[in-house]
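Below is one structure, written out as structure tokens; the observations come after it.
Going in written order, the chains are labelled A, B, C and D, and every chain counts its residues from 1.
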Amino acid sequence: MSGVLREMLENLCSKPFTILYPKEKVPIPKGFRGKIAVVDEKCIGCSRCARVCPAECITMIPDNTEIEVKGKKIVRKKRPVVKFFRCIRCGLCEQYCPSEAIIMKCELSESGTDKEVLVQ
Amino acid sequence: MDLLLVIYVLLFPGFLFLLAYGFLLQYLDRKIAARMQARVGPPLLQPVADFIKMLGKEVIDPAGVDRAAFDAAPLMALAAVMTAFLYIPIVGESPFAFQGDLVLVLYLLTLPTIALFLLGWLSRNVFSSVGGVRAVTMLFIYEVPFFLALLMPALMAGSWSISEIAGWQQEHGWFALLQPIGFVVGLIGLQAKLERQPFDIPEAETEIVAGPWTELTGRRLALMHLTMQVMLVAGSGLIAALFLGGPLLPWNISPAWLATIAGFLMFLGKTLLILVILASLKVATGRIRIDQLNDIGWKYLASATILQVGIVLLMDYIRVGT
Amino acid sequence: MTGLLGLEEVKSALERFGTVEQVRSNRIKVKTIPEKIHEALFRAQTLLACDHLIQISALDNGQSFELIYHLTGPHGTVIAIAIELPRDRPEMPTTSDILPPAGIYERQIYDLLGIVFTGHPNLKRIILSEDWPENEFPLRKDWKPRPKTPYGGVRQEER
Amino acid sequence: MPEVVLPIGPQHPALKEPVNFKVIVDGETIVGLELDVSYTHRGIEKAAEQRDFIRVIPLLERVCGICSHAHAQAFCTGIEEIMHLEVPPRAQYLRTIVAELERMHSHILWLGVAAHVVGFNTLFMWTWRDRETTQDILEEMTGNRMNYGMNEVGGVRRDLKPGQISSILSRLPKLEEQIGKYVGMVRGEETMLLRFRGIGKLSKAEALKYGTVGPTARASGVDYDIRRDDPSIAYAEVPWKVVTDTSGDVYGRTLVRIGELQESLGIIRYCLEHLPEGKIGIPAPKVAPRGEILSRYEAPRGELVHFIRTNDTDRVERLDIRTPTLANWTSVTVSLVNQNIADIPVIVAAIDPCLSCTSRITILSERGRRTAEMTWAQLVDHGQRFYRKWGRS
């Protein structure tokens, strides 16, 4: 009982633990798996990310663009399109991408209420 | 005089003050509990906002419920506790004080529990019925020690009027010091009456959803919450008057108006003290089971009160004898 | 914890029911037939001090249903007693009378694979939802969800 | 009062997940009980048969949010054994750290829920506040607060940098102090003692008979802990001891869990201080040879078992998951009879039930490529038809 009372008094005298969200924000650590992003100029169109994605949120669409990889110019045939709301933030695409073209940014992803956007 | 009486009943320190103070006490209660639990707690006007919001919500009638009775029960409970409040001294003596108002107040403060039982029984919901039965079972457990503890000051002061008991303490000292056991039992009984932890058995969220409150919606819920809020004010005012000398100061202050203001501040201070004690009790405990309450109530609370009765009778005997 | 059980100990107790082989240092597998499972489990309990049923693994290998009872005890050796059931008549006596925890696993297997355990006190649906169609067992290899029906096998034409 | 059927669940404030008990009560005493856990079945075992070993792990992590690492862990160690992979020690130590952090956050969460169930919301607030520390550490290590995505076949996916090690170590003393306080609170808080002592009692013989696992069994004196009996990852190298209690009631289960919190803290500290150098994973082949394995792991709630059968393809032929909650249900249904209504939530919460683990409805169409969905109108229509039928029968 005394332990409870002491902790109660300590809390009464110290600041609340709650973070009032819109006013203050939690620091996001480095390496956080947040919103998924595609760096278009780095992508070589290998579609490894689409194959490895467990949620099948990445689809490859035809796209003939000339890009530069290690000084050489090649033409890629496809590029990934991400359905953000299907992403489960497992980070496998980031890990398997050979050219660091698909990354998880250190920011929280938005939420959505529209079902059509959500399930696509 | 009549106008003053109307002002007393309706504005200050009657219903308007009562409602405002009820909201304030609820805010403080929630805020203190939240801060002790390392949370932020609600803003100042949150209880008012909750009340207004609930008043505006749709009233849902459970299938087959007796609507008139279902509407009437919260109103009856609220009316009872608001009436009870009028007999409690806030600034000096209550103008309605008479010999025996203590018994009336105790009776009126029992009515919300009966209303809760009725609501539980009427709403035809298993959780509500179980909750209602629990509320009444609990009433039988805590009511006896609570009544005994609260009647002891009357016995010692030789008066059945709350205001006179408060006045008696001006000369002889607080009953909280003369009858410490009664004071503690009174506080515990009040906590049980208000159905707060550790006595929130009838509305145990994790067991029976919200007990009798489960089927209450809209204004019924708002009124029932308001009843509990008002009961917190009336109950703490009653304990303050009976055990802490109410609004009266232990010494005389010469201008009457200064004495009135000082008395009012005394009332506020004492009720807030009681609130802090009750809020800490709420934070520091979990919910006990009804059979455990039965054990505790009859074994410890009741016997402690009987002991107190014995001591009071002995003290009276010695005092009268000398 | 006592030491691991040796292969010989297990063989002496359970060889009469079928083949006994050591799979790993603390895994011993026994293959037997459905009729003898009850007795085999009882002997494992009494002679080998297997007081804990870990799991009844059930699977459909295309030709038959396999049930594997994994038992262990204070010795820390996992004894797997495997049986096969024919697909056309998946029935066997319940083991929940000697192994009370088997009751809930058997209900699960009945629900997902459709194996009937005769003598089970309460063989009812537990895992699948109450409106799942009868006689559809999703873990059987020949069960395929119908692409057009949204939920279970409830057909659109029933509407 | 006559006998009343009290529906506890599927939606009920005491249960954080959908389960339905039809409890028959006489006054305040329970006389009968029926159980239905079907509300969160998602067909994960079937879905797992359709995915290769890379894509199946995120799926298995989502069997349960609280013990997500445990499921991935049990699966990975099983597959690694079938593939005969030697996982580097650094990966094993990192797995152990995540596993023990997960155990700590699960046990602290449980302590809060148990306190909330008996109406002691204050301890609930405090424990969940302190649980943030473990969550922050996990977020920093793995990138996610939940569903860490740390495991893969052959190792782990993220390494710890030296700076991170010292930052984690610096946060542990505060956590240790708080856990020390809980011990005092649980032992000293009268109302909690009243509600926990002698409730849901299981003797050692009963605990064995009904096949209980994990802290529930250990509180009854059953000395089983897979981390010691069948050690995987780094548990064989780390000094620690199994926590048991003899009381067998909810109070004993609380003490066991708090004791395990302290043990876990020691394991984490040891692993961080003795983290071996080296690689954090080896490349795994895509295809697993034919084989079967019973992979056991001590999840926070008890013994978790993955039975895996592979057949020379990149998928499992069968994955049979037995979760600790399923093993403990039998004992709950037995120990609830003749108890008080007020004790239902306490006894149920005391095994730390995880129902999404237990019943794992996504319906997969052919080859699991696409999930079929019901529109709202279809769902309403389906529900109405079902209940009309149900009402008639």
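In this text, contacts are C-beta pairs under 8 Å (C-beta built on N, C-alpha and C of every residue); 3 or more make two chains touch, one makes a residue touch a chain.
Small disclaimer: the values here were computed from a predicted structure and weren't measured.
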Q.
If each step moves to a chain the current one touches, what is the fewest number of steps from chain A to chain C?
A. 2
Q.
Can you check which chain pair, C-D or A-D, has more C-beta pairs in contact?
A. C-D
Q. If you average all the Cα positions, which chain's own average lands nearest?
A. D
Q. What is the distance, in whole Å, between the centres of chain C and chain D, each centre taken as the mean of its C-alpha atoms?
A. 23
Q: Let me have the rounded angstrom distance from the C-alpha centre of chain A over to the C-alpha centre of chain D, please.
A: 26
Q. Chain B to chain C: how many Å between their CA centres?
A. 61
**Q.** CA centroid of chain A to CA centroid of chain B, Å
**A.** 54
Q. Of all residues in chain D, which are in touch with two or more distinct other chains?
A. 122-123, 126, 129, 189-190, 373
Q.
If a residue has to touch 2 or more other chains to count, which residues of chain C qualify?
A. none
**Q.** Multi-chain contact sites of chain A, meaning residues that touch two or more partners
**A.** 1, 4, 8, 11, 17
Q) Where do chains touch, given as pairs? A) A-B, A-D, B-D, C-D
Q. Once bound in the complex, which stretches of chain B touch chain D?
A. 36-39, 126-127, 129-130, 133, 197-198, 200-201, 204-209, 283-292
Q. Across the complex, what residues on chain D touch chain C?
A. 35-39, 41, 43, 45-46, 208-211, 223-224, 228-230, 294, 296, 303, 305, 307, 309, 317-318, 320, 322, 326-327, 329-330, 359, 361, 363-366, 372-374, 378, 381-382, 385-386, 390
(Q) Which stretch or stretches of chain C touch chain D in the complex? (A) 1, 26-27, 51-55, 57-61, 68, 70, 72, 74, 76, 78, 80, 99-101, 103-105, 108, 112, 125-131, 138-139, 144-147, 149-152, 154, 158-159
Q) Within the complex, which stretch of chain D touches chain A? A) 51, 54-59, 61-62, 122-123, 126, 129, 132, 136, 139-140, 143-144, 147, 149, 157-158, 181, 184-185, 188-190, 369, 373
Q: Note which residues of chain D are touching chain B in the complex, please.
A: 1, 4-7, 12-14, 25, 28, 115-123, 125-126, 129, 189-192, 194-195, 340-345
